[in-house]
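In the two complexes that follow, chain A is the common piece, with chain B as its partner first and chain C second.
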Partner chain A sequence: MRFLSSSCNALARVATVYLSRSTCIFENLAFEEWLFRNHDLAAKGEALLVWSNRPTVVIGRHQNPWIEANVPYLQEHGIALVRRHSGGGTVYHDLDNVNFSFLTEHARHCRPRNLRLIAAALNKEFGFNLTPTKRDDILLQPNDRKVSGTAARIARNRAYHHLTLLVNVDLRTLSASLRSSYLDKIETNATRSTVAARVGYLRQDRKNIDKDRVVETVVRAFSEQFEAVESRIVENVLDQHRFPGVVETYDELRGWQWLFGHTPKFTASLPSGVSVTVEKGIITSVENAAVESKSLLGQRFCQKMLAV
Partner chain B sequence: MLRNSGAGLRTCAAVMSRQRSAVSSQALWKPRSASMGRCASSWTTILGSTTQSSSLRECPRFDRSSASMLHTSSLLRDDVIEVAGPAFADSISEGDIRWLKQKGDHVKEDELVAEIETDKTSVEVPAPQAGVIEELLVADGDKVTAKQKLYKLRPGAGGGASASKDEPKKEAPKKEEAKKEEPKKGDTKRGEEHKEEPQKEEAKKVTGAAPPPVPRAETLSGPIPATAPPPSKLPVGPKSSKPVTDIKVSVPKGIPAEQAITGARSETRVKMNRMRLRIAQRLKDAQNTYAMLTTFNEIDMSNLVDMRTKYQKDFTKKHNIKLGFMSPFIKAAAYALQDQPIVNAVIDEGEIVYRHFVDLSIAVATPKGLVVPVLRNIEAMNLADIEQTLNDVGEKARSGKLAIEDMEGGTFTISNGGVFGSLYGTPIINPPQSAILGMHAIVDRPVAVNGKVEIRPIMTVALTYDHRLIDGREAVTFLKKIKTSIEDPRTMLLAL
Partner chain C sequence: MQAAAACRTLSRTLVLAARNSRPSHTTVRSLSFAQPLSSQRLYTEKHEWVSVNGKIGTVGISQHAQEALGDIVYAELPEVGAKLQKDDSAGALESVKAASDVYSPVSGKVTERNEAVEKEPGLINKFVYEKGWLFKLELEDPSELKSLMDDAAYEKFLKSQESH
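The block that comes next holds the complex of A and B.
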């Protein structure tokens, strides 16, 4: 099958849809990153990746995990914590909710267009009242309930826009996961999430909706923009033969170095009155300390230090 | 879900003819071939910005022709360029900059120097060329606007990675290198360089500028002098004398003061610690006792690498630890020892002591020095057990919790020099044993496979053995068995 180059705008445009069967956030992010770097936009056109994960909190590239999520709560409940490559704020994922990643050339990157596509398709099919906002959120009306958040990443020639979409979620788990108890203990210029006034999910308005129907609707609407769309179900996203290098990204995402070591510099006030400066996840200076606390220097920062 | 590519082709042709008439002075269009696929790629120059503006008016696009020139940079003197950030995709005007590299860091072309966060997007700022970051013009977290100048880069490949900081004396040779590697720089720059510093003879040859025209003979020599010219004064001292102590040598980080080479004409004596003394003693004893010889072989690691890739996920999931490289070697060594038990034996005062178990000593480098803990009875272990034991022992070793008992009584040793990059080497036997296996670095090499050349990951292994006890044939067979067990683990199952 030969596809035409997508740079011929007025000609046949093609796209590829990838449906990931993995429910592991690390695997999916590693695969998304692989597609971002390696998907052949010229030959295969734009890509849409559809993925879902087991419960997890995803923080943005330049965020501080200790103030964006409730780290002890996540550990207690077996919810994963991961730092993604794109910027923006923190989101909660779980199996009843779906994520879409739109991968295009830099010139064709347009988040409002993608959001309008999704909102229009779901509104038409199920009768929702979904409205994208200027901040690239999608709100479910009435009452401005946020059901989707967006982030994007732009490189020299390529860009991706990915977003979450809440179909059915336990709002208590969501807010408990995202509410940190250390907001007043940590000072930093890391990116802060904008907390939504209200959060909702699609099933609030349509009891019979489920994730698969949502995915089907969105993928169909996406495909209608193109002359030819190839759909691929990826069973094993960590296949090093088909996707060389994906395992390295997976390993990197799982490591302490990426998740905590990439936290922008911050200062934390510990319960004992000691104040520490943390750079790259390691304590680099200690103030107001008695002599014993000097042993903190050079240690990896962890939330146990903040606990009373 | 493939539909309707035929319709696409027809529309294609129609557009082609329309565009042809529209194009005036832009790139001349020559159809490369009749086939659609190849045709398409040569159209990008024509269809650049002309067709795009019709759709998606809400999304201001940035000009495709500038896509390849994301980095506007202005040339300053001294080869340093100021690098500006890329254009932002939408009409967002500013973002926060996050530095991924620091001043003084060396970067390769296209390596990420920073990222700019604009609300929800993260825009990459790759380096336009390889070089060293001279100065950051904005601080981490500052707001920057599109195409604002972000940092200064001194282009230059390779050599800049050395640990020394920029010093005035070092600039001259550095610039020579930069000039040699980037002959594309204009002549004017060379002219500036000449004026700025006193050049050595070398520099003039390097630039390759046209030599000045040879002046004619009449203008050079005057009339023949009547008397001899006065003898030149003998030099009193060196032209420039700088005492050795004034030259500052920069010491790389992490070197203790007593060891560092600073250029000072003095020595520091440090007493050997007990551990080092003991190690020295034992090594010398071994050398004096054993008739040590080393035999080498090479192992094609591709099957092992494949096995790891294929099963790593399942292994980690089931056993909660990663499958490393050491455990297959340990298993192979145990298997080979069972086949050649003489390698597991030792000479003791005129008797050969054959041991009916395999206790493997693994050499581990700790900050305090080399320690060699022992894994007991590994002849019955499978790879998962071996990994678990290795893990436990490694942890103990690194946290200094190894007991003396843990380090005694091994029957064979494996030492891995490869982690430090060693290619070949002759390990020393660890008494009271009779042999030691040394693993070295894995290097991609071209090898002959079925009459064709392929690139395979190859590891050299070395077996040092006591020739008083083990003959050449046994040693070589033993090593060969390790090789075949790693290259094809099925041979272990088939007891081959």
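The block that comes next holds the complex of A and C.
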């Protein structure tokens, strides 16, 4: 087994860049998970996956969707809701956001290095003032506007660091998507998002900037670290022949069991004064209830129960 | 009851139990609660530990793992009743936005999960070998313990990792 230096500055020979043509969040996350488990790091080196999605809210692995997002608003506006496998907080993004996922051996996992690479490359090419923070956000100066958030997953000696990068976004849709009406109705120790003081996007400072040039710039900077880089455009990320098992992961991500059933235990105060405890998405106890409300027991929790 | 008095009573009870159950040629060893438990822990290369009492193993992560993870903000633990094989993923710990898988050192059926760390994940960082345990399981195959490392072997393993 080849041991790579754990220093953040060590170089390696080869890498692979995957550019996904899918715009479906479930497909892209399924493919990312497939790469996480199957990409041959020894033979093909580190991997960088680049992808974008139709309007989506993505919650972290241990979060509660009903307090991190406005679930009814998402349903009314056809915005997808998905739980990812990595930790961290909730993000809204659409086709004008780029996601980068850096896959490495655990010893070479270095989020600050990746963020410095992206910020430096974009600053140099477009004259931005992008600054990574200790929280692994990227801020656009002046005024500390958050344009990127980060999360990571570590398992079996491998790790990925993925992040969003807002090229353009409708801030009203973003705010509305992430503003839950039920913050005071739910009690839980699920992980909470840290709300950014200000959210920004690259087009605020460069009106003509487009996503393709941003991707090109970052991929070029990434590639310069290696002696050889193989770049692959993936038209169909759900190809079971090339990526056996990817469809199972896709099905799991789409299922109720993962999205809602994986919500950490919480209690919710319903409008009628009833209080319910919800474990794995199912109501397991009911307090202060008249006999009729006891029928809630064993039911899947849904936001309609919180509405007046 | 005062805690110290309770401890003394318990010690005496345990010593008596040991005396009554031992074959005549062994000497009585008095149990002291000041005795470190580290001699009972066995470690994996993925930095989990298991400590066995009868057929039940208690599983946690090592001091090294806790330091590497940083402040743990969420502990995802296996369900009671879940059947785990050795090296199966048994859950995950989230710290600084990274979700890190936890693996079971041995095969068995989960009998208990530590609800205290579910409520207060920071206990894992502060009391990694005591209150910060993660789950208990009934061992299926105690011979699996032979492949794990004791304290000394684990220390040696950590040092060999540092040089890479």
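Everything below uses one rule, namely that the second predicted complex is superposed on the first by the 296 of 308 C-alpha atoms of A that agree within 3 Å, B and C clash if a C-alpha of one lies under 4 Å from a C-alpha of the other, contacts with A are read in each partner's own complex, and residues count from 1 in each chain.
The criterion applied here is as follows: a contact is a pair of C-beta atoms (placed from the backbone, for glycine too) under 8 Å apart; a residue touches a chain by one contact, two chains touch by 3 or more.
What you see is a predicted model; the values in this text were computed from it and never measured.
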{"item": "Room on chain A for both chain B and chain C (clash or fit)", "value": "clash"}
{"item": "First (chain B), second (chain C), both or neither touched by A:Arg213", "value": "neither"}
{"item": "Partner chain in contact with A:Arg113 - chain B first, chain C second, else both or neither", "value": "first"}
{"item": "Touched partner set for A:Val229, first chain B, second chain C, both or neither", "value": "first"}
{"item": "First, second, both or neither for A:Arg203, with chain B first and chain C second", "value": "neither"}
{"item": "Larger contact residue set on chain A - chain B or chain C", "value": "B"}
{"item": "Contacts of A:His85 with chain B and chain C, given as first, second, both or neither", "value": "both"}
{"item": "Touched partner set for A:Gln240, first chain B, second chain C, both or neither", "value": "first"}
{"item": "Of the stretches 1-9, 37-45 or 127-135 belonging to chain B, the one that collides with chain C", "value": "127-135"}
{"item": "Touching both chain B and chain C, residues of chain A", "value": "5, 60-62, 85-89, 107, 136, 150-156, 159, 189, 191, 264-265"}
{"item": "Parts of chain A lying in touch with chain B, wherever the complex brings them together", "value": "1-2, 4-5, 7-12, 42, 60-62, 85-89, 106-113, 135-136, 150-157, 159, 189, 191, 223, 227-231, 238, 240, 247, 264-265"}
{"item": "Footprint of chain A on chain C - complex, ascending", "value": "73-74, 76, 89, 92, 94-101, 118-119, 164"}
{"item": "Interfacial residue positions of chain B with respect to chain A in the complex", "value": "1-5, 7-9, 11-12, 15, 36-37, 40-41, 43-44, 47, 51-52, 55-56, 58-59, 61-62, 64, 67, 70, 86, 89-90, 96, 98, 110, 115, 117-124, 126, 140-141, 309, 312-313"}
{"item": "Complex interface listing, chain A residues touching chain C", "value": "3, 5-6, 60-62, 85-89, 107, 136, 150-156, 159, 189-191, 264-265"}
